[in-house]
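Both complexes below contain chain A, partnered by chain B and then by chain C.
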Partner chain A sequence: MTRSAKLTTGLVLAGLIVLFGLIGPLLTGDPATIRDIGLIPPGGDHLLGTTITGQDVLAQLTHATRGSLWIGLLVGVMATVLSGVFGIVGAYAGGVVDEVFSLFSNVMLVIPGLPLVIVVAGFVPADQRGTWTISLVLAITGWAAAARVLRAQTLSLRNRDYVAAARVSGEKTWRVICVEILPNLLPILASQFVFAVVLAILSEAGLSFLGLGAADSSTLGTMLYYAQNGFALQREAWWWFVPPGLIIALFGGALALINFSIDEIINPALRDKARRRGDVVATTPVVESGDAVLTVHDLNVVYQGASPVHAVKDVSLTLRRGEILGLAGESGCGKTTLAYAINRLHRPPAEVTSGSVVFDGIDVLALDPEELRRFRWVRLSMVFQGAMNSLNPVTPIRAQLQDVLRTHRPSMSSSDREDRCAEVLRLVGVDPARLGSYPHELSGGMRQRVMIAMALLLEPQVMIMDEPTTALDVLVQREILNEIKRLRDELRFAVVFITHDLPLLLELSDRIAVMRDGEVVEYATAEEIYLRPQHPYTRRLLASFPSLTGERGALL
Partner chain B sequence: MTALEVRDLCKTFHRHRAVDGVSFTLTAGRTVALVGASGSGKSTVARMIARLVRPTSGEITLTGPDGSPVPDRAYRDHVQMIFQDPFASLNPFHTVEHHLARPLLLHGRSRAEVPHLLERVSLSPDFARRRPHELSGGQRQRVAIARALAPGAKVIVADEPVSMLDVSIRLGVLKLLDRLQREEDLAVLYITHDLATARHFSDEVLVMHQGRVVERGPSDDVLLRPQDPYTRRLAAAAPNPDTRFHLGGSS
Partner chain C sequence: MGYHLRKIAFYLAALWAAVTLNFVIPRLLPGNPVDILMAKLQQRGGSVDPAARQAYETLLGTGGRESFVREYFAYLGNLARGDLGVSVSAFPAKVSDVIGDSLPWTVVLVGLATLISFVLGVGLGALVGWKRGTWLDSLVPATTMLSAVPYFWLALILVALLSSGLGWFPLNGGYDVVLDPGWSPEFLGSALYHGTLPALTIVLSSVGGWLLGMRNMMVSAMSEDYVLTARAKGLTGSRVMVRYAARNAVLPSVAGFAISLGFVVSGSIVTEQVFSYPGIGSKLLQAVQNNDYALMQGIFLVITIAVLGANLLVDLLYGLIDARTRDRSTVS
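Entry: the complex of A and B
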């Protein structure tokens, strides 16, 4: 079922039941009227039959639905307010307040809800056990889980810069919470409210069924209680207990459907997947060229959708053995899409609509999944942006490096594996003694070196590096750039280096392709680009980086 | 004349000295750059000046335009901050109008000044109705600058104001800040890891390393003829194609 179908079904069902509870009592007469026609089956004057004392089941049902909904609403509001106060205020205030509030929520969370409700409800004398008392008891036992969720979310929101900005501009605390934080919590509050309503209606039905419910109101639970006491089951009077049970089940289901959709709206990961076609729709005949290890010819990549985005347009590039090719461009220019497409790592809705990618005689776009698996990492490896954060935090470096070898070189002996892992770490300037370290024990620069080591493990001919140093500071960046140059000279692999930092590419690469809006606007040697840039965009990009040593004030 | 004096500022987080004895003065019409690598403590200094973080020790004193010290409750009328990430510093739920009107109202001004504020940062008045997701990174940062100007602040702390922006629009935003600084006689603290823009856009440079200021002085002196070994390493590490193609440069 799609999101909208779920939401519609949920809303229609819940709406019908609410209408039934609101309008029904006005049409069905007094549910308490006792007649001398006990337990007649549905039909005639009594559409849903009568109870053992001759009361009209339909009339009882409408009143009971209204009673249950009212309790659900009361509890929903109270539990949401309680969870909001304890979750949001505690998290925003921090310090001792947060400690005390979360200790309290945690204690409430481990107290088993229903038994506590039974004890509390049983403790209050039956004649004082009104709707409000029961609702209060249910709210008090039902808010803690929601408070935990809200606290976690608020903790993340309170550190957002826009909250800091509101504080700097002098906003009062209550306004920061109500105006800046609360709106961003609305989806969660809504879903917690709906959940609290369902839980309240179910718990109240349970309580009433046990005879511990509100004395002054009739709910679906009290109906079931009387049906049980009147031996409805034994007398096969199904019309007495099936309808209230059905309404509870349908309303619970309807709200669950609504809640599910709220979840999907918030969580992008649950949104509908794009329609799946192949990742490669069409290719053009392969063009080979002599010294090239990687040739991209007239490649086009399109993000299919309501308005398709042509992310890579007719791109042709040649990477020679041992060459460093710089791919320069700003966000959204298609450079990362291009890199992914070369490796066939692009995911739907991205599609290669035409062109060819030839790697050392292999037509990459024609590989089947198994061939692709053997090709990737072995022949061509990749270092992603922020790769240093993609190491698994709970396993040591050794295990993560060895995994690669185990997958791609199953025949390798364990001592050879160990040797190879130590060797690549030495190559990137990390002490092999660190093999036993966990990622958090290494600095950002070291983790990035480990990622490069991992990309080197299988001696690939080409390495694609997507902004490998952007998250690092200049000193660490300098060390890693020197390392890449040295490794390239020693091992003679070729590199595609992607970054927005043109001066870095000018210093590092042999040739540079400048990309904008999916097109390569200029493709030449670093020296040509630096000394004789042809395209206006290249010149603009060059001018965007003031030289440290250039004339001062020239920019102003 | 408005001036902000920072004396012997220290901040300790869980026994780690993030900022250790930093002193400097911001005066109207001058830009001071605070440069350093990530983790050097420069953002913590910014957050202490913006009163988002309480200093462990040290003083921050603000002198108003009339030469007398500014009382605490009026501090935020005079000192404002521009955050690094314009994608995070605007609330996705609110319009540009809200972001500008709130600081105006909080500091005794009128909502009617919103179009004028937008104009000062070179945005047309119809931006007021838009929400952050409808703006580009550069436009967002202009809104953030307008928000900092809204209370009539004369001291602006700009914490890496362009490092999250696309390279081709960075200089435009820096030039805007520079123009505002000169036109409105602002005192600006420009925090950055980029030595080149620090040199071009500031009068004085302070280099921070592990919480301390290791070198300070007029920007050309510090960045072209660095004395401290750390500053030298920093200056040498920045990519510089000049050296590869044997062109100019002082090295």
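Entry: the complex of A and C
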């Protein structure tokens, strides 16, 4: 189901049940009237049959639905207010208030709710157990989970720039909360409210079923209580027992559908995606060329959607053995998409619409999934942008390095694997003792070195490096670049080096391709680009960076 | 403070809160529980000597004759000795003995059902998230619908269909009453047979929550860079799914165990009632129906301690599966 279909189904179903509870009681007569026609099946005068004492089940059902909805609403409102106070206010105030509120919420969260409600209901004499008492108890035991979610969200909102700006400019606290923070929390509040309503209706039904519900109201739970005590199921009077539970289930289901839609608004990643097509929809015949290890010919990549984005347009590149090819361009120019497409790592909605990628005689775009898997990392490895997140945070470095060997060199003994991992770490200047470390225990530069070591494991012919040093400080960046050059000279692999930093490429690369809006606008040796840039965009790029050597200033 | 110390301190605070709540509730609510209890006791032929009355007053309040603080410490003292009072409904058994007899039934039933439900929900959730855009997507609304069904209603329908209708399972009880409770294979087999349907009810009603949570986290994890790296490494699909995506996506489900366990325990109390299961949930209701306040309080306390203990255990295990928490200094 699409999001709008889910939302519509949920809203219609919930709306019908609310109408049933609101208007139904006006149309169905007195639910308490006792007749001497007990347990007649549905039909005729009694659309849903009668109870054991001859009461009309439909009339009971409408009144009970109203009762349950009312309690759900009461508890929903109260619990949402409580969670707002403890979650939002606490997180916004910060400091001791936050500590205390959050401790309180967490304690309330781990104390099991229904047993507490049962004990409280057990102490209150039946004649004093009204709708409000029950609702209050349910609200008090049901707000804590929502408060925790709201607190986390408020904490992150609190640190956003516009909220900080409002606070610095001296706006009153309640105004900042109401104007800057609450509107952003609305989807979460809505989903927590919906959740609280469902939970309240379920809990109330459970309490009433146990005979501990509100004495002054009839709900779906009390109906089930009487049905159970009248042995409805044993007498096969399903029309008495099934409908109340079904209404609860349908209402809960409807609200769940609404919540799915709210979740998808909060977290766009959850939205339904188009059915997967192949990642390559068409290719053009392979073009071989001499001593090249990697040839990209007329490659086109399109992000399919309502308005398709043509991210890579007719790109042709040739990478010779042992060469460093620089790929330059501003962010969003398609250079990362190109890099991913070469290894077919691009994900839907991105598709290769035409062109060819040939790797040392292998037609990459024609590989089946298993062949592609065997090709990756063995022939071509990658070092991604932002080493911070490229390593799995929950396993040690060792496991992530050994994974590669286990998969691609299954016959290797475990001591050989260990030796190889230590060897590549030494190659990039990381102490092999670090194999047992987790990524968060390493510095940014060290993590990037580990990624490069990982890329070296299988001695691939080509390494694609996507902004490998962007997030690092200048000194570390310099060290790593020197390392890459040294390793390339030693091990003779070719590199595709992607960055927005053209001056850096001038120093590092043999040849450079300048990309703009998905097209390669200039493709020449580093020397040519430096001395005789042809395209105006290249000249602008060169001018906009202060040169590493200081010869070319920003004011050129 | 270290991760473990902080966790233990938190659960001690929660335990203190629960104990105090247990003390305060009967004193704040209307009604005079001690008088009701004494009347009940008399009906059952119990001795109504001042000592019995005093014991109940320590538990439930003296109506203002003693100071709150003295009552509180007397109550804490009794708890520390494991003295929870005498049950009226099972007179003259001690509350601690009644609980001791019924607790194992619930721990095994709810424990096993929760474990099965967690493993099933997390496993399916990981698969549904991984295979997004296939028919598996329909599992999400289907299981969520099941979570919206009241436990007891589902239980009764299952009993009507599978026990009364088809005769596959016994109608109620925890074991065949002709057998002597013990470790004999017949008795264990019978207990297993009787426990299947209650456990099935709990699993069906709670699996949806785990599945949805895991599926959503899986979807988020799949867009993380480390999953992209894993794919680029040419690892097999199942390895990427399990070791990279699911391994990370499962963390919030484990961390959120506290919330879910509360729901499961609440639901299973009602389920026990439906099946007349000899566990602590049935005993709690029996206590409520008989105004057996001492038993009621004792059971609430034991349920709370069990839930807190389970959570503490999960939290300590969490430190093992996510190394980052051990090094973090703030309470989350």
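By our rule, the second predicted complex is superposed on the first by the 496 of 556 C-alpha atoms of A that agree within 3 Å, B and C clash if a C-alpha of one lies under 4 Å from a C-alpha of the other, contacts with A are read in each partner's own complex, and residues count from 1 in each chain.
Rule of thumb we're sticking to: a residue touches a chain if its C-beta (ideal position, glycine included) is under 8 Å from a C-beta of that chain, and two chains touch if they have at least 3 such contacts.
On a predicted model such as this, the values are computed, not experimentally measured, just so you know.
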Report task. For A:Gln477, decide between first (touching chain B), second (touching chain C), both and neither. Result -> first
Requested in this report: Tell me which partner A:Trp132 touches in the superposition: chain B (first), chain C (second), both or neither.
Outcome: neither
Query - chain B versus chain C as contact partner of A:Glu171, first or second or both or neither - result: first
Requested in this report: For A:Asp403, select first, second, both or neither according to whether it touches chain B, chain C, the two together, or no partner.
Outcome: second
Report task. With both structures superposed, pick whichever of chain B and chain C touches the larger number of chain A residues. Result -> C
Query raised in the report: After lining up the shared chain so the two structures overlap, which partner does A:Phe231 touch, if you call chain B first and chain C second: first, second, both or neither?
Result: neither
Report task. Identify the overlap between the chain B-contacting and the chain C-contacting residues of chain A. Result -> none
**Report entry** Residue ranges of chain A touching chain C (in the complex, touch as defined)
**Finding:** 1, 6, 102-103, 106-107, 109-116, 118-125, 128, 145, 198, 202-203, 205-206, 209-212, 221, 224, 228, 233-234, 241-242, 244-245, 248-249, 251-253, 255-257, 260, 263, 267, 269-270, 272-276, 343, 345, 373-378, 381-382, 384-386, 389-395, 399, 403-404, 407-408, 438, 440-441, 451, 454
Query raised in the report: Quick one: in the complex, what on chain C touches chain A?
Result: 10-11, 13-14, 17-18, 21-22, 25-26, 29-31, 33, 132-133, 137, 140-141, 144-145, 147-154, 156-157, 159-160, 164, 216, 219-220, 223-226, 228-237, 239, 243-244, 247-248, 251, 258-259, 261-263, 265-267, 269-270, 273, 284-285, 287-289, 291, 293, 296-297, 299-300, 303-304, 307-308, 311, 321-324, 327, 331
Query - Touching residues (chain side chain B, partner chain A) in the complex - result: 37-39, 47, 50-52, 76-77, 80-81, 83-85, 88-94, 102-103, 106-107, 144, 147, 150-151, 166-168, 170-171, 175, 178, 193, 195-197, 199-201, 219-220, 223-224, 233-245, 248-251
Query raised in the report: Which of the residues in chain A end up touching chain B in this complex?
Result: 160-162, 164-171, 179-180, 183-184, 330-331, 473-475, 477-478, 481, 500-504, 506-508, 526-527, 530-531, 540-541, 543-549, 552-556
